[in-house]
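First chain written, first letter: the chains are A, B, C and D, and each begins at residue 1.
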Amino acid sequence: MTLDSTWARRFVERAADTVSENRAALIELDREIGDGDHGENLERGFSAVRAKLASQPDDATPGALLKMVATTLISTVGGASGPLLGTAFLKGAGAIGDATEIDSAAVAAFVAAARDGAVLRGKAEVGDKTMIDAWTPASDAAKAAADAGGDPTSVLRAAADAAADGAASTEPLVARKGRASYLGERAVGHRDPGAQSSALILAAAADAADDVAAAAATTSGEA
Amino acid sequence: MTLDSTWARRFVERAADTVSENRAALIELDREIGDGDHGENLERGFSAVRAKLASQPDDATPGALLKMVATTLISTVGGASGPLLGTAFLKGAGAIGDATEIDSAAVAAFVAAARDGAVLRGKAEVGDKTMIDAWTPASDAAKAAADAGGDPTSVLRAAADAAADGAASTEPLVARKGRASYLGERAVGHRDPGAQSSALILAAAADAADDVAAAAATTSGEA
Amino acid sequence: MKKLINDPKDVVEEAVAGIGAAHPDLLVVSHDPTFVRRASGPVAGKVAIVSGGGSGHEPLHAGFVGHGMLSAAVPGPVFTSPTPDPIVAATQAVDGGAGVLYIVKNYTGDVLNFETAADLAEAEGITVASVLVDDDVAVKDSLYTAGRRGVAGTVVVEKTAGAAAERGDSLEQVAEVARRTNAATRTMGVALTAGVVPHAGEPSFTLADDEVEIGIGIHGEPGRERVPLEPVDRIVDRLLDAVLDDLGTASGDRVLLFVNGMGGTPLVELYVAFRRASEVLTEKGVQVTRTLVGNYVTSLEMQGMSITVTTLDDELTELWDAPVETAALRRGR
Amino acid sequence: MKKLINDPKDVVEEAVAGIGAAHPDLLVVSHDPTFVRRASGPVAGKVAIVSGGGSGHEPLHAGFVGHGMLSAAVPGPVFTSPTPDPIVAATQAVDGGAGVLYIVKNYTGDVLNFETAADLAEAEGITVASVLVDDDVAVKDSLYTAGRRGVAGTVVVEKTAGAAAERGDSLEQVAEVARRTNAATRTMGVALTAGVVPHAGEPSFTLADDEVEIGIGIHGEPGRERVPLEPVDRIVDRLLDAVLDDLGTASGDRVLLFVNGMGGTPLVELYVAFRRASEVLTEKGVQVTRTLVGNYVTSLEMQGMSITVTTLDDELTELWDAPVETAALRRGR
């Protein structure tokens, strides 16, 4: 099984939905250890992404769609998360290239390149209490799942689950990057908003793959 | 019976005490329909008056002492009440002149001149919801008591009681002078702070006369 | 009460000391009696201008002492008119022999204390003229009130009168400019929250979370009405309508538009309000030829603003544009 | 939330429109992408200076656009760095061929977005140099933080760099002046209350009625510690000690003393604080040769202040004194 541009479109919609649903929760996380705009920033970005989706050519490749996400996030989100997530999508899209069908290895390569892109820009390491604490375990889990022969859907699910654990793992940490680093010990006990949103976005990717699989099952069942 | 400079000194002390004790209450009245400084203004003025009292010559006449009150209030209180009360004391002191003993007629003349002084400066009439609503009935009552043959103490008490009633009478009024006039109907139900403080000051004058009479009784009793 | 102060009783003296320390090139501070005067001293043959009033409205008045505006400012206690003594002392310190103009905001306390000061100064041989500022349209000017209050328009009067004095006008002429500016100026304000007078320790009034006071005075005196909090465009319309109506502004008029912050409102909000006010005026065919936006006549930490419109003619425009060098307004020097 | 705004989403656009309407002589506003540039346009052969960052800190940065200071300002959403697009557009609009300096407050978001903008502008053939402002001593500058924040000292850097550009310095020289000013500048702040971000609708943090946050950042990020509210003299001492200690200020040094309001603090309190700070410096033998007091780098309606000290030499003094004509700072023109 492989994923195609239907998945990519569904991923973008799901990501926009989850960001919108979690706007207030992300603002609240950021208010606690940042400046309270993370949910607002991402919602601004993903609604711009959603608005652009309709006008993408029918034959747009998954890579082209994800590159559109990247450039749109870079030009609408601002703050720290805009360039970081934008670069993640940009590098991830680059890893997929112009393939129309994405296999498990390509999915793992997407997540790994996205992670590397964010690290390149933000210079954060695991344990710094940033979105990297979601992307790094996600990338590792995706590679392990792909190496173990999992299909793209299960690779994405492994990445999403690892990202969720990674986001949770930021709670006891002192931050060493971003705005939360100003708080020292006072950041302990709070989850990093960027790690949380990254986990939500990866979950959207996995859910989109599930949607596609379910639709395929229905279609083939009906056929 | 007449009043002398012992009374005048005692009056000043009593006035300073009552203003100090009622500082918060006067601020509160003024906060409701003015700008919340009346208690502060008068306390600043009367503590300056109290501080100057000690350095007045032993042979200072009642008129000289009350003129000191006038000029001190004018130069320390500020706001609307400073010039008004100051002028009241100035004109009142003028009515007493350099007499060393003040009889009932002189007491009534003091209150009347004080009232006229405040009216001259502030151009308020009875019913405008200002200190004039205390001073005018006080002046009328003092004249009536003096005309009826009352002693100075009872003349002052009549003035004080009438002033207290006058202060209470401001509660249902709409203000036509001073800061409360900006409120229109919204001033209704609130007592005018300046009428209240004027009543307190006149009560201090009467209480001082009582003190003097009590001291005289003790002395003559002991003698 | 949360304030960056020491003893509430010392606020004014300490602030005045700070003003002196912050602007030694512009100002000299006198303590006991307290007033602030131009560092450059009186100029023989030029009219001097003195203003003053309760503190808590900073930068008014001390922030407007300097070339092209006030010669001296006399700050009273917070929200309380100064007594005559410091006014007289300031008058003596700045008189250059051509007389002194008092610019007095129309409040009973200010009027009475400046009146006494004028009497005392005249007794010392100084010619004094007085002009009352009463630009606040929220208050009805009738026999049944103390008359209109002087609010943000005071800055405009101090600016044009100051320029007139600087160009060498006589006392009578400077007073005429001040009166004419006042007559051409109207203001109305709104409060979202109240200021806290240091010695009172409590807000001067209380508004519900969804309520604003339309027609607020700068001492937190109530205004015309309390209405629910609305989008600022609606609030601007209310204030501006009242101002233009009272001023009789017509299409083709040239005006100064001045959006003034009450002290606790972020500048970003004042600009949002300014945008609306200038749009509305433009739609009405009124030409906004001069502008001012910022916290100039404040009421401690009150959140709110006022809108002032002054009808300009060539002379008032020229006087508004004239060089000014003060702590709070500086241009052309 | 009580604010003089319409839809929270429109605050920045409407405020920028207001800034344009209020200062047509100084500024031109671009919408979509949003930036503010000098009305006079680029000057061939002169270095241009662009700064920007999240909104909510007004008058920073748009209030400092004009002769002798910034060429353009790029306001992002409230408390959020602008994206690269408007920065690039502003860069193109002001480039006079001699290169463009970015003055960037040291926050991850600002750094990354200006970095991308610089890459894009360079790709368009414009030479860009960047200087980070990181004057806030409340944050430890170590491998374990995002580094010091840029706060009120930004105004000083924009002023001296602007003057250097105006006198015709090369891009390298202007950048050097900016870096040197930043290196000579330290700030620490205190908050009494929090600002309310319009789209959040709630205060950014909560302090008890008797508590202050020492070392606050201008986005309401927490600082060093929460302590009970003290007399302002004590608070000034805390801030100034940290600043002077970090700066290594010694007797005989000449300094600029800058007391900055966070937006919701009455000016009268800033002057009370200034008085103390200047007294303490004088006692230590430090010469306060230049001063600034007011709301210049704010945090919406936050009550609080910061104290900035810049060590001055002859050149920095001259650049500070140079004529400047902007909405928020004006002198000599």
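As a convention for this text, contacts are C-beta pairs under 8 Å (C-beta built on N, C-alpha and C of every residue); 3 or more make two chains touch, one makes a residue touch a chain.
No experiment lies behind these values; they were computed from the predicted model shown.
Counting hops only between chains that touch, chain B reaches chain C in a minimum of 1. Averaging C-alpha coordinates per chain and comparing to chain C, the farthest chain turns out to be A. Between chain A and chain B, the centres computed from C-alpha atoms are 78 Å apart.
Chain A and chain D have CA centres that are 34 Å apart. In terms of their C-alpha centroids, the spacing between chain B and chain D amounts to 56 Å. Residue positions 78 of chain D are each in touch with at least two other chains.
Of all residues in chain B, none touches two or more other chains. Interchain contacts link the chains end to end along an open line, per the touch definition above.
Checking each pair of chains for touch leaves A-D, B-C, C-D. Every residue of chain B that touches chain C in the complex is listed here, in rising order: 27, 31, 34-37, 40-41, 44, 74-84, 121-122, 174, 176-179, 181-183, 186.
Those residues of chain C whose C-beta lies close enough to touch chain B in the complex are 54, 76-85, 107-109, 112-113, 115-116, 138-139, 143-146, 149, 197, 199-200, 202, 204-205, 217, 219-223.
Within the complex, the chain D residues that touch chain C are 2-7, 11-12, 14-19, 21-23, 55-56, 58-59, 63, 78, 190, 192-193, 195, 209, 212, 229, 231-233, 235, 259, 263-276, 278-279, 288, 291, 293, 295, 298, 300-301, 303-305, 327, 330-333.
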